[in-house]
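Both complexes below contain chain A, partnered by chain B and then by chain C.
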Partner chain A sequence: MIQMEKNIVSFSNNTVTKDLPVQINAEDVNIYYGDNHAVKHVNLPIHEKSITALIGPSGCGKSTFIRTINRMNDLIPAARCEGTISYKDVNILNPKVDVVQLRKEIGMVFQQPNPFPKSISENIQLPLRFAGVRNKKTLKEVTEDCLQQVGLWDEVKDRLDRSATSLSGGQQQRLCIARALALKPDVILLDEPTSALDPVSSAKIEELLLQLKNDYTIVIVTHNMQQAARIADYTAFFYQGELIEFGKTRTLFTNPEKKSTSDYISGRFG
Partner chain B sequence: MNSKVTNRIALSLIILCAAVMAGILATLLGYILVKGVSSISWHFLTTSSSPFLAGGGIKDQLWNSFYVLIITMLLTVPIGVSGGIYLAEYAKPGRLTSFIRTCVEVLASLPSIVVGMFGMLVFVNYFGFKFSVFSGALALTVFNLPVIVRVTEDGFNSLSRHQKEGGLALGLTHWHTIKTILLPAAFPSILTGIILSAGRVFGESAALLFTAGLSTPDLDFGNWNPAAPNSPLNLFRSAETLSVHIWAVNTGGIMPDVQTIANGSAAVLVICVLLFNLFARALGKVINQKLSGR
Partner chain C sequence: MKIGKVAMDPATATASKSKLINEKGLFWRLTDRTSESRGKVLIYSSAILMIVAVTAITLFLTIQGLRSFVVDHLNFWTFITGTQWYPDRAQNPSFGAFPFIFGSMAVTFLAALIATPIAIGTAIFMAELAKKWGTKVMQPIIEILVGIPSVVYGLIGLSLIVPFMRVHFGGSGFNLLAGAIVVGIMILPTVASIAADSIRAVPDSLRQASYAIGATKWQTIWRVVIPAAGSSLVTAIVLGMSRAFGEALAVQMVIGNVVTLPKSIFDPSATLTTIITLSMGHTTTGSILNDALWSLGFILLLISYVFIVIIRFLSRRRNA
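Then we have the complex of A and B:
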């Protein structure tokens, strides 16, 4: 509990004061892997230009849920979804949705930094070119702009043609974020983006996310409760496939309604 | 017996096995090269073979071997790589897929003499391609295709799924992800596999006996018109390759220097296959270094 008290001190001090409009709204979402009911009846609003953190012990369905928001679960043949996730008046879960377009608007960054084994600039320009940007000057400008946004420009501007795999883990992850930004998405989903990184790189990413939320809606899955407390405006606690509690981060951490929430955040399990 | 002793015995056994393998290879190579290298000369490599007289070379056979190899690769690589991509990326797990995979495996383990007989019945007789470069290349395609499919599928499967997710999450289509991200990343291992299989194709004889034939027309290396009957590029002329030549000379050669020709040809063949292997390794290393960053 002493540990807990210390955590509370470090809440983000630029949390939203009043609720911004809901950009993505999940209603009664159920996700199955074969017979395994992985996510159960989840209702969750995601507010625009804020950070929403999904926390909970391993296997609680938080990653499954975030991967459904841009339909990455389509890759898993046995996965099946029910319910509604509305975004721009469309149900994302509708099989007719153009997932390619959807993923341009809702980008994703993964736990393991996954730059393509190509040059740094090519990592950013490849998706741009596929999206139809051909003008060399524009490509260059966007590359610089995105690298600036993630604070990587000064570190790599002299070696843009070097392989992205030569960067450090933290730099690679920032490059992956820059790459997602290049497509000007509305929403960025991050699935445990710092769990493979050292503390210094993690801190840089957290700082970056706090900056990015002024322009983007951010949803982050994290194992690290302190991280949620530090950066998230809203936090959702998942346990055994259910959304146990959702609310403003400070409220959820200092005054949780449910007993299992307070047990989890005080480190009794998980 | 305690675990330390067991450990030592296991280690010794493994080293022994490795040594036996290396020993066999070294003996074979040494024997072939020592006996053969002395008969290799510029004259030997650039003179046509002679049916009765001494002093014949292997110019045509050497050319035929490379030509058949190139045609085989032109046929197998596009089909094999596409098949491998299909199996690795598109095929949904199920009966049809496992049936296809079984077919590929069976095809890969067919004895090459059987492939040769099949080639004679189908390509040479039924389709009427005669004993020709083309028939030979088709037979070798049957023999090589499963290898390329396998190499490609393995190359794709060895990539981490993070690469694929990364591409798809950036709004690329599945095909574009394959084309621009996965295929380039799998390229080094596919290329290495292709070159190694080229070594196998280059040395193949049984599949070619009944398809490419045991003779070569008097090739005119000044005539590059593929339609001319004595052009080196003609696809529909018979073409005895180097390894078939070794077999033919050894079983029925009546020239006085049979032994020298057989030894020299064997040495050339082994050197070529060795070069393929070394080249594959070096190339794989260079590309890997390039990809993983300086």
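Then we have the complex of A and C:
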């Protein structure tokens, strides 16, 4: 175990010493795709202004779970959720929840960078326009502010009118993060945001997430255990639809309680 | 066997050569079942036939179409801008084709104006709102509509739209607008079905991106999906327009077929195609009128090519 710690991880960034308040709390969440029971009885607290990583092998339900937090699974007709995910004293899974407002407060970034085939500035301004912001000055300010936050401003400030698809993959993904920040959400969900990127771009995104966690609650799904170890304050290990183990990242990686957790993080399967 | 020596040994060299190098003649290559040339020849000849056909039509129409200017010494400029079409007048016959060019253009653009909003709306309904119903019910219905012969559309126009026009807007009821409505309805399924395909081709990741930033369904469709489908939608409309432009029969049945320039959309009119189909039978080959009709056909072809160039341009911009 000691050797493993040396091999995979440096925990230098995991700064949380005492637990911050829980912002989102999942209780006994079950998700079905038709007859397929994809997520089983998951209880998971998500602490505010910290990074929670969901790890586990493919098909373990981690992406399904994260997509339930902002109800993106509503778009899949066969998907069905049970249980409670409380956020601001509201159960997110309640059918009466205004999903449009929910997604304004809980933003999401996807695996493949998906900027709109519009200009760079329009990409950031579209969420604001959707929310009814018309003031040109505000739009401009938010554009600059969001691009600054993701470290893209200096790279693109001279070509804000150029198409977003002309950017590199890593830049596109940072633009997508900037777009998610435009509405100043409380929570940002990231579904394997670096798995389509090269190592340098991935490192930039990781660095960025560590900065963003000062202002936002971040939940990230990742295939990359080192990534979880590097940036996450809390890690949840999913396996076959169940949440096997949840805890502080350092504890989970150095001293896992369950055998399957230690098998997975030591690379015995996955 | 030592590989190094193979090339040195003359006997082995010829033996391997006879298997690897095909020295059989052209006849073998075209008759032997195992030869690849047969398929090649078949495919190439179909492609060449196609090219020859297009070139031949263009050349033939160009030569015939230019006769009226070269042989009959009509002025090209007065031909396309003149508004007086009196080819049969014994004294000073005149060939001004502008009313027909204008008629064709007017019918085409009005038809597009009528068809576009309905077609795009249908496409959005099929591809975004009622996906299952859209593909199971709407798609077959639209395919049936595409397959209905144009004379049927003409008949419906004749028995419904023309009387309606007569009652509500006066005159005979045969007019430009009636023609545009009939053609508009005719091209509607074509435009709708291509537009639905282009909306379906918009990647789902963009819709997800849009929903994830708190967009409503309407905002997603209007601000993300439609702009992303953009140039394909325009292609659908231009394709519909090129079909409208070439339509003769249905238009002829309702447009009134007069050779004067219409003053409003409620005036009877004529188009390039209708004047050709109506007059061609009454002319003798080599007469000036016959040549002039060929020239109309030539102009029709040129404008159709313009439509094709526009479509190519749009689809290239989309792929870039």
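What we mean here is this: the second predicted complex is superposed on the first by the 259 of 270 C-alpha atoms of A that agree within 3 Å, B and C clash if a C-alpha of one lies under 4 Å from a C-alpha of the other, contacts with A are read in each partner's own complex, and residues count from 1 in each chain.
Going forward, a residue touches a chain if its C-beta (ideal position, glycine included) is under 8 Å from a C-beta of that chain, and two chains touch if they have at least 3 such contacts.
Small disclaimer: the values here were computed from a predicted structure and weren't measured.
**Student:** Quick check on the chain A-based superposition: chain B and chain C, clash or fit?
**Tutor:** Clash: chain B and chain C overlap once superposed on chain A.
**Student:** Mind working out whether A:70 is in touch with chain B, chain C, both or neither, as first, second, both or neither?
**Tutor:** In the superposition, A:70 contacts both chain B and chain C.
**Student:** Looking at A:118 after the superposition, I want to know if it touches chain B, chain C, both of them or none. Which is it: first, second, both, neither?
**Tutor:** Both: A:118 reaches chain B and chain C.
**Student:** Can A:148 be said to touch chain B (first), chain C (second), both, or neither?
**Tutor:** Neither partner.
**Student:** Once the shared chain is lined up, is A:138 touching chain B (first), chain C (second), both, or neither of them?
**Tutor:** In the superposition, A:138 touches no partner, neither chain B nor chain C.
**Student:** Could you look at A:101 and tell me whether it touches chain B, chain C, both or neither (first, second, both, neither)?
**Tutor:** It touches chain B and chain C both.
**Student:** By the touch definition at the top of the document, which applies to A:255: first (chain B), second (chain C), both, or neither?
**Tutor:** In the superposed model, A:255 contacts neither chain B nor chain C.
**Student:** Output check: A:163 vs chain B and chain C. Expected answer is one of first, second, both, neither. What do you get?
**Tutor:** Touch partner of A:163: chain B, not chain C.
**Student:** First (chain B), second (chain C), both or neither: which does A:36 touch?
**Tutor:** Touch partners of A:36: none, neither chain B nor chain C.
**Student:** Do chain B and chain C touch any of the same residues on chain A, and if so, which?
**Tutor:** The overlap between the chain B and chain C interfaces on chain A comprises residues 70, 72, 75, 100-101, 103-104, 107-110, 112, 114-118, 126-127, 130-131, 176, 179-180, 183.
**Student:** Under the touch definition given earlier, write down the residues of chain A that touch chain B in their complex.
**Tutor:** Within the complex, chain A touches chain B at residues 70, 72, 75, 77, 100-101, 103-104, 107-110, 112, 114-118, 126-127, 130-131, 162-166, 176, 179-180, 183.
**Student:** For a test of understanding, state which residues of chain B touch chain A in their complex under the given definition.
**Tutor:** Interface residues on the chain B side: 92-93, 160, 162-173, 176, 180-181, 184-185, 290-294.
**Student:** Can you list the chain A residues touching chain C in their complex?
**Tutor:** Going through chain A, the ones touching chain C are 70, 72, 75, 100-104, 107-110, 112, 114-118, 126-127, 129-131, 176, 179-180, 182-183.
**Student:** Considering the complex alone, what residue numbers of chain C touch chain A?
**Tutor:** 203, 205-216, 219, 223-224, 227-228
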